[in-house]
Structures are given as C-alpha cells and as structure tokens.
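Following are the structures in question.
The same chain A turns up in both complexes below, where it pairs with chain B and then with chain C.
Here is the complex of A and B:
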C-alpha cells in the first residue's frame, strides 16, 4: 500500500516572529517499490517533509496516509509506523547514544520479537552490509568513530529493522567515494528486493544515476515530479532552482552547446560513454 | 606555516591502542591552499585537530605559525591563530541565538566590543545568512547550520583556516558560494588554508593536494598530477573525476585526447575540438 500526502502544509513557530512556512500544499503519492530522490535548495523544506512522513511533525494542514491510515489520526498506532518506516536523519550522528556500536544498532530491534541470537545475527548482517567488520566494530564506542563511520553505523541501525520504507536524509554526505558507491549499490539491491526508497540528496550524480523518480522542492512547494531524464533535461531551469544536474548530464549539455549532437536525455555515465564513442566513430548512436 | 613530521596518535580505547595517525607528515606554506583527501577514518579530522591543539601531540613534531604545538604555553595562541570549522556544525554551536554564537569567539578573544556587531553582520552576510541573527541555530536547516558555523570562524579572521568538510550539506549554489569565499580568502587575503573534502572536484583549485590513507600520507602534489593518476587514486580509495574517467575510457577505445581534462568544461572543449 502506498503513502499518500494530501495538501500538506507545515509552519514552524506559528504566531511568533520566527514563523516559517516550510511546506506549502504538497500532494503526492509514493507507490511500493519506488526509488525516489528528493532535491531542493538549502532550507526548501526537505527535512521538514521527512519529519512529517516519519510522524514527528503534526501537519498544519492536510494529511499523510500510510497504507490506508492517517498517521495523525487519533486512533493510529504509532508503533506500527515505526516498524514500517526506517528513517536516517540528516545528522544521524546525533541518533547514536548507546555505549557500544552493537547496542546502538540493536536498539530498534527491542520490540521486534526476535530472540537474543537472532538480534545478534541481524546486527551482524546490518553492520556487514554497511561495510564494517563485525568483530572489529561491535564493541567500539559510537562516540569514538570518525564522521563517516558514525553515519554508516546510524544507517546500519535503521536497516537492521528491515523497514518497508527507507527514508534517507542526505545519507551520503560525509561518505568517502567508495563508501558512497557501495551504499548506493546496497540500497539499489534492497530496492530490487521490494524496499521503497526515499532519498534526499544535494548530489545530483547519485540521484541521476540511481533514482527512478525525482521530487523537486522550491521554497516549500513541490515544483517538479518526474524521472531524472525529464527533470534534468532542462539544465537552465534546474540552475534557476539553485540545483545542479548530474555530471554526465552536464557533460552531454556542454557537448551539445559545443556543437556535438548528443542525446539530451542522458543522465548517467553508462549512457554517456557509448553515446560519445558512437559520435566519435561517426556512426549512429546505439546505446 | 604548518609543519608536521611523523605524527603518531592513538585515542585511548578499550581493546588495545589503535593508531589513528601513523607517521603523518604535512607541510602547508604561508598563504598556501592545501586540500586533504582520504577514506573515512583515515585520520583527516584527527590530524587537523592537532593544528589548534585540540589534540595533544603524542609523538612526532608539529610547528604551527612558528610555534611548537607541544609546548603547553602555546595552546591559547594556537587556538587564536587557527580557526577551525568542524565536520558536524552541531558540535560548534555554543549559544541558542545565531548572532551570539557568531560573536562568541570574538568576545572570548577580547575583540573590542564596539567592533563586534559589525563583524558579526559582515560574517553572516558573507555566508548568505543575513536576516537569521535572532534565530536559534537548532531551528535551522542542515545547510543553514553549516553556513552559520562557517560565519563563526570567518568573523574571527584567523591567519590559518581549517575547513573540515564544510560543504557536505550545501546545495550546488551554496557549495559554489562557499568555495568562492574560500578562494577569496586565499587569493585576496593571503590566508593559509587546509580544506578536507570527499569531493575530488573541490580539490581541483587547491595549490596542492595531499592523499591520505590509514593514518599517513600516500602522496602530495599539484591537483592535476594527483587527480589524473588512476593508480594512485585507486590506492587512496578515491574515484576519479568524471572527465578523468572518460579520458581513460576513450583512450582504451582508441581515442586519445591531447591531455587529461579535470573539469567538465575542459572535457567538452577537447571533445568538440576532436570532431
């Protein structure tokens, strides 16, 4: 069952001098199994949308319906939402508070009904898919980790629950290039197995190469909803929204400006390279 | 100038002493802009926290602006001379009001009170956060926090600036703006700058790039030299910038460009010339 966001608006500190209208009349539907990227300038409301989806903010107007129930409805069971929805927040370092990494990752499994051995196995699985050596990291203190390591532990903690919906707010910020790639491959695999992914990122490359649908926010409004190919085709518009396009898309755009006839729906490197080669060989373009 | 030689450092932790720095050497000349790249946990933040004496030298040599970092008498001077913007802005905030937070360092180091408001507004304007003075840092978006943290250090106007992944949460425009502030500090004000980043593109405009791996330096040199060397990048755990990747893929397919481009613009120019 999908997530339906209906006419959602949210205002922070209403009635004070700091009143900020962060979300304005947003409507959208998220189907099971989608891989969605969310983009938008600094302060446009992305994290606010994430907090609203996670049930942490009560909408000023409108509603959020998950699997048929309004999550802000009076009789809605919040613990149900917690099991369905895994959320990695923007600075997840602040989500770590246990004395060991193992305990931290196991935290979300407290009410899962798994026995002790099953919990340990699940924690091992989650840490290993996040690129850690379980034996080495399990007993370490989360406080004594580097920035990127903390982020990966926080991600492991959310994955351990095996949520139906995985919501990620700038998950790759602070990850090194190999870590970024490994992480994106990991969630692509989880998505192929049926997990719905909603990922906020300023990195147009990771959205262009991995997401199949992109939501564009601007000043609290939804101003774009389509495939990366569709939305990135208008480079000027993306720039006017303070955003970029993926590097492969930008190269295709620059080549076209320079007089080369390259398809303008290219967003990823695995399509750019063959197109450039085909062009250099003087033949027709075959992907 | 920063000159570190054979720094070794372990955080005391249970289960043995793991070396976070294992013979790290770095030299940053006065007025130089140096970028440091390296995998998660390789010791970048640990290294730079030595520069303003947040971490104590355990073994090795370190002089910063002519001062021996091992001498306790120099700690406060080092804190004043070296401004550091941390990886996580939440670790930097001390006040619940943005303007007070930016003013904090100035007050702490005895800047004339009459000068403070002006310097605070100038720093906030520089990072595009004018108008947010009375807000709480905790009521800001991720990118806005990062900008305020930056303003706090810019207001201090230190001789040496260390930026630890300060653009990680910014949108592409914000990233460009902050990078151009850094470039200006370097080219117009002659500041000495160390910039840590996971984005190879951001290292392109540095004077010199250090590649770090497992607590020590693997190599250093001009960006063009470091960032086009596939083997070196692979050993460091970095992926090449897209134009470099394409240069090598085209070469393998029999098309050789006259030189290896570092930016998208350079690549497009060379490709269009070829045809």
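Here is the complex of A and C:
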C-alpha cells in the first residue's frame, strides 16, 4: 500500500519572529517498490519533508497517509510506523551509542517481539548485506571503527528492522567513490527485493543512474515530479533551480549542442556509451 | 527545545532603545536589576518590579509572547517550586503539620516569593539575550572580568571559554534534537510512560551527545592551535570603545531601581 501526501505544509517556529515556511502545499503519492530521488537546493526543505514522512514532525497543514492510515491521526500507533519505515539521517554515524556493534544494530529490534536467536539472525543478515564479516565485527566497539564503517553499521541498524520503506538523507555524502558505488548497489539490491526507496541527494549522477522517479523541491514547493529522463531533459530549467543534471545527461546535451545527433533522454552512463558509440560508428560508415 | 521551536532568548535583531544600548551597560544593568528583584520583599517593591518589566517589554518592542515564551512552558516547574516551599517551610504556627511537612501562611508567602523571583529573573534574562547579540554579550563579559587580572587570574582565557561555550549552546541543542529524532526513528521510546524505559531511553541520546561534544571540542582546539592560538594574552585584542553617555544613564537608572528596592 502506498504513501499518500496531501497538501502538506510545514512551518518552523510558527507564530514567532523566526517563522520559516519550509514546506508548502505538497501533494504526492509513493507506490510500493519505487526508487525515488529527492533533489533541491540547500534549505529547500528536503530534510523537513523526510522528517514529516517519518512522523517526526506534525504537519502544520495537510495529511500523510501510510498504508491507509493517517500517521498523525489520534489513534495511530507510531511504533507500527517505526517498523514499517526506516530512516537513515544525514551523518547517521553520530547515532551509534552501544558498547558493541551487534548491540547497536539490534537496538531497533528491542520492541519487535523477536526472540534472541531471531534477533541475532537479523543482525547477522543486516551486517552481512552491509559488507561486514559478522564474526569479526559483532563484538567490536562501534567507536573504534572508521567513518565509513560507522556509517555502514548505522545503516545496518536501520535495515535490521526490515522496513518496507527506506528513507535516506544524503547517504553518500562524504563517502569515497568505491564506498559510494558499493552503497548504491546495496540500495538497488534492496529495491529489487521490493523495498521502497526514497533517497535525498545533491548528487545528480547518483540520482540519474539509480532513481526511477525524481522529486524536485524549490523553496519548500514541489516543482518537479517525474522520471530523471523527463526532468533532466530541460538542462536550463534545472540550472535555474541551482541544480545540476547527471554528467551523462550533460554530455549528451553538449554533444547535441555541438551538432551531434544524440537522443536527449539519456541520463545514465550505460545508455550514453552505446549511443555515442553507435553515433561514432555510424559516422565512420558514412565517410 | 524541539525541532519546531527556536531556542528561547535567542537574539532578535531590532531597532529599539534596548537594542541600541551598549552591551556592557546592559549586562551591568541586568546584574543590578537581578539584585533589585532579589531585594524586593514588599508589595510596593513587587509593584515596582512589575512596572519595570512592563516598561522594559514596551521599550524593547518585542512581542509579549516572545518575552514570556520560556516561562509559559515552565509552568509546572513553578507549581512544584511553590508547593515545595509551601510544604517544607518550618513556621512557628502551622495550620496543619505531619512529620516534616507543614502548611503555614508564612510558607505560602515564602513559596510565592521564591516563585516570583525566579520567574522575573527568567524574564529579565530573556529580555537581555533577546536584545543583545551573543558576540556582544561575550565581549561584555570579557570587559567585566578584567578586574580579575589584578588577582593574576587568566581573565582573557576565562572570557574565551565562556564565549566558546555560549556560541556552542545552540549548535549542541540542535544536534541533540537531530540525534533524538534519529533514535526515535530507530524505535527509541523517549515518550514512554514507564519510568524505567524512559531512563534507559536517555542513553541513546546522552552517549552520542557527549561523543560529539568531545569531538567538537577536540576539533576546535586543533583548529585554534593550527591557526596559531597560544592563549588569549598573546592576542592583539582591539581596544574597547568607551561607552556612550546614554548607556551610563541606563546603568544609573538600574542602580536607582536597586536603591529603591533597598529602601522600600
């Protein structure tokens, strides 16, 4: 069942001189199994939207309905939402606090009703898909790990709950290129297994390559909702929103401007390469 | 503080008389008025204090709701202070007493006095920080601490420590809020009604907060050293400007209020 957001508005510090309207009249629907990228200039309300979806902020106006029930309804059981919807915040490595990695990853399972063995099994699964050797890492202290490892442990802690929806706020910021790729492969794999992904990122490449739907925010408003192909096709509009497009898209755009006949719905590397190759080969044959 | 509210008492830019006063004068005046509030113990004294608060609020041109914002949220704190004072005041002629608890008129008066003073001092400090930018507060503290140098105490370093602490408070509060949200999303139950669950739930908040505070302190120290900080006395501090006459007048005014409270 989907997430339905209807006329959502949110204002920080309402009624004070610091009043900031962070979300304005946002409506959208998220279906199961989607891979959604959220883009927008700094301060446009991406994190606020995520907090609202996770039920951490009460909307000033509008409603958020998850699987048929309003998450801000009076009778709604929030712990149900916590099990259904996992959130990886910006710099999640800051939330580690337990003495061992195993305990930290198991934290979210405390109220899940699983027995001890089941919990251990879940923790093993989560750590292994995040690229760890369970036996080696389980008893280590999270504080002694490197930044990248800490982040993967934190993500394992969210995945251990096996959420149906996974929301990520800038998950790849600060990762090295290899870590970034491994991480995106992991997310894609989870998505292929049916998990709905909502990922905020400044990185147009990662959105262009992996997301199948993009939400564009600007000044708290939803100004774009569609496939990367659709939204990235207008490079100038993206720039006017202080956003870039994926490099593959930019290359296709520049080649076209330079007189090369390249399809303009290319956003990802794996489509750009054959297209350019075909064009070059085609050019050769004509000569 | 929660994510949806700014820290109360955070500076709000403005063009009122209070905003334009020298920060040193405001700090000094704040201390004098706090003394006045503590000295007040008659109905006339209280009336003067209340009139003064109204005057300050009017002159500051701030919305009343902002000035009393934090106080309203501490309602239960005041109720508890009042009750505690009422019950544990050992008067000669209790109306009713049992074991160490006794109820008397004097106790109720005492409870009211304590509550009233804390409340007014809170509002006063709120007004002070609302009309004074944090950096100016710091340099005002710095000049107030100058006499400590005569006692060979490291006044500049103390002022530096206070200023760093003041500047980090909003950051740390914001961070506490972010971490709290992250842990709630992971299933932490801060809002649980069971006391033992709530106590245990503080751990996921406190541990990361300490870690990050230490990390920040460490980073700041490294950055300061890297940029050549070797104790405040090596700094070429800029000469403090003399205070304008209006500021002296405001200090005089506060001193007058203080004197009036001693007399009545």
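The working rule: the second predicted complex is superposed on the first by the 282 of 287 C-alpha atoms of A that agree within 3 Å, B and C clash if a C-alpha of one lies under 4 Å from a C-alpha of the other, contacts with A are read in each partner's own complex, and residues count from 1 in each chain.
Here, a residue touches a chain if its C-beta (ideal position, glycine included) is under 8 Å from a C-beta of that chain, and two chains touch if they have at least 3 such contacts.
None of the values given here were measured: they were computed from a predicted structure.
Engineer: Looking at the overlay on chain A, is there a clash between chain B and chain C, or do the two fit?
Structural biologist: They clash: once the shared chain is superposed, the two partners overlap in space.
Engineer: Identify the partner contact of A:157: answer first if only chain B is touched, second if only chain C is, both if each is, neither if none is.
Structural biologist: After superposition on chain A, A:157 lies in contact with chain C alone.
Engineer: In the superposed model, does chain B or chain C contact more residues of chain A?
Structural biologist: So, of the two partners, B touches more residues of chain A.
Engineer: Could you tell me if A:176 is touching chain B, chain C, both of them or neither one (first, second, both, neither)?
Structural biologist: Only chain B; A:176 stays clear of chain C.
Engineer: Once the shared chain is lined up, is A:243 touching chain B (first), chain C (second), both, or neither of them?
Structural biologist: In the superposed model, A:243 contacts chain B only, not chain C.
Engineer: With the two structures laid over each other on chain A, which partner does A:13 touch: chain B (first), chain C (second), both, or neither?
Structural biologist: both
Engineer: Identify the partner contact of A:144: answer first if only chain B is touched, second if only chain C is, both if each is, neither if none is.
Structural biologist: After superposing on A, A:144 lies in contact with chain B but is clear of chain C.
Engineer: When the two structures are overlaid on chain A, which partner does A:41 contact: first (chain B), second (chain C), both, or neither?
Structural biologist: In the superposition, A:41 contacts chain B only.
Engineer: Using the superposition on A, tell me which residues of chain A are in contact with chain B and, in the other complex, with chain C.
Structural biologist: On chain A, the residues that contact chain B in one structure and chain C in the other are 12-13, 17-18, 94.
Engineer: Spell out the residues on chain C that touch chain A in their complex, using ranges where they run on.
Structural biologist: Per the touch definition, chain C meets chain A at residues 3-6, 10, 12, 63, 65-66, 69, 175, 178-179, 181-189, 203-204, 207-208, 211-212.
Engineer: Show me the residue ranges of chain B that touch chain A in the complex, using the header's touch definition.
Structural biologist: Against chain A, chain B makes touches at 11, 13-15, 38-41, 45, 87-88, 90, 134-135, 139-144, 147, 165, 168-175, 198, 200, 237-239, 242-243, 245-246, 249-250, 253, 255, 264-265, 267-269, 271-272, 274-275.
Engineer: Contact residues on chain A for chain C in the complex?
Structural biologist: 12-18, 51, 54, 56-58, 79, 82-83, 86-87, 89, 92, 94-97, 107-111, 143, 157-158, 161
Engineer: Could you pull out which chain A residues touch chain B in their complex?
Structural biologist: Going through chain A, the ones touching chain B are 12-13, 17-18, 40-43, 46-47, 90-91, 93-94, 139-141, 144-149, 152, 169-170, 173-181, 202, 204, 242-244, 247-248, 250-251, 254-255, 257-260, 269, 272-273, 276-277, 279-280.
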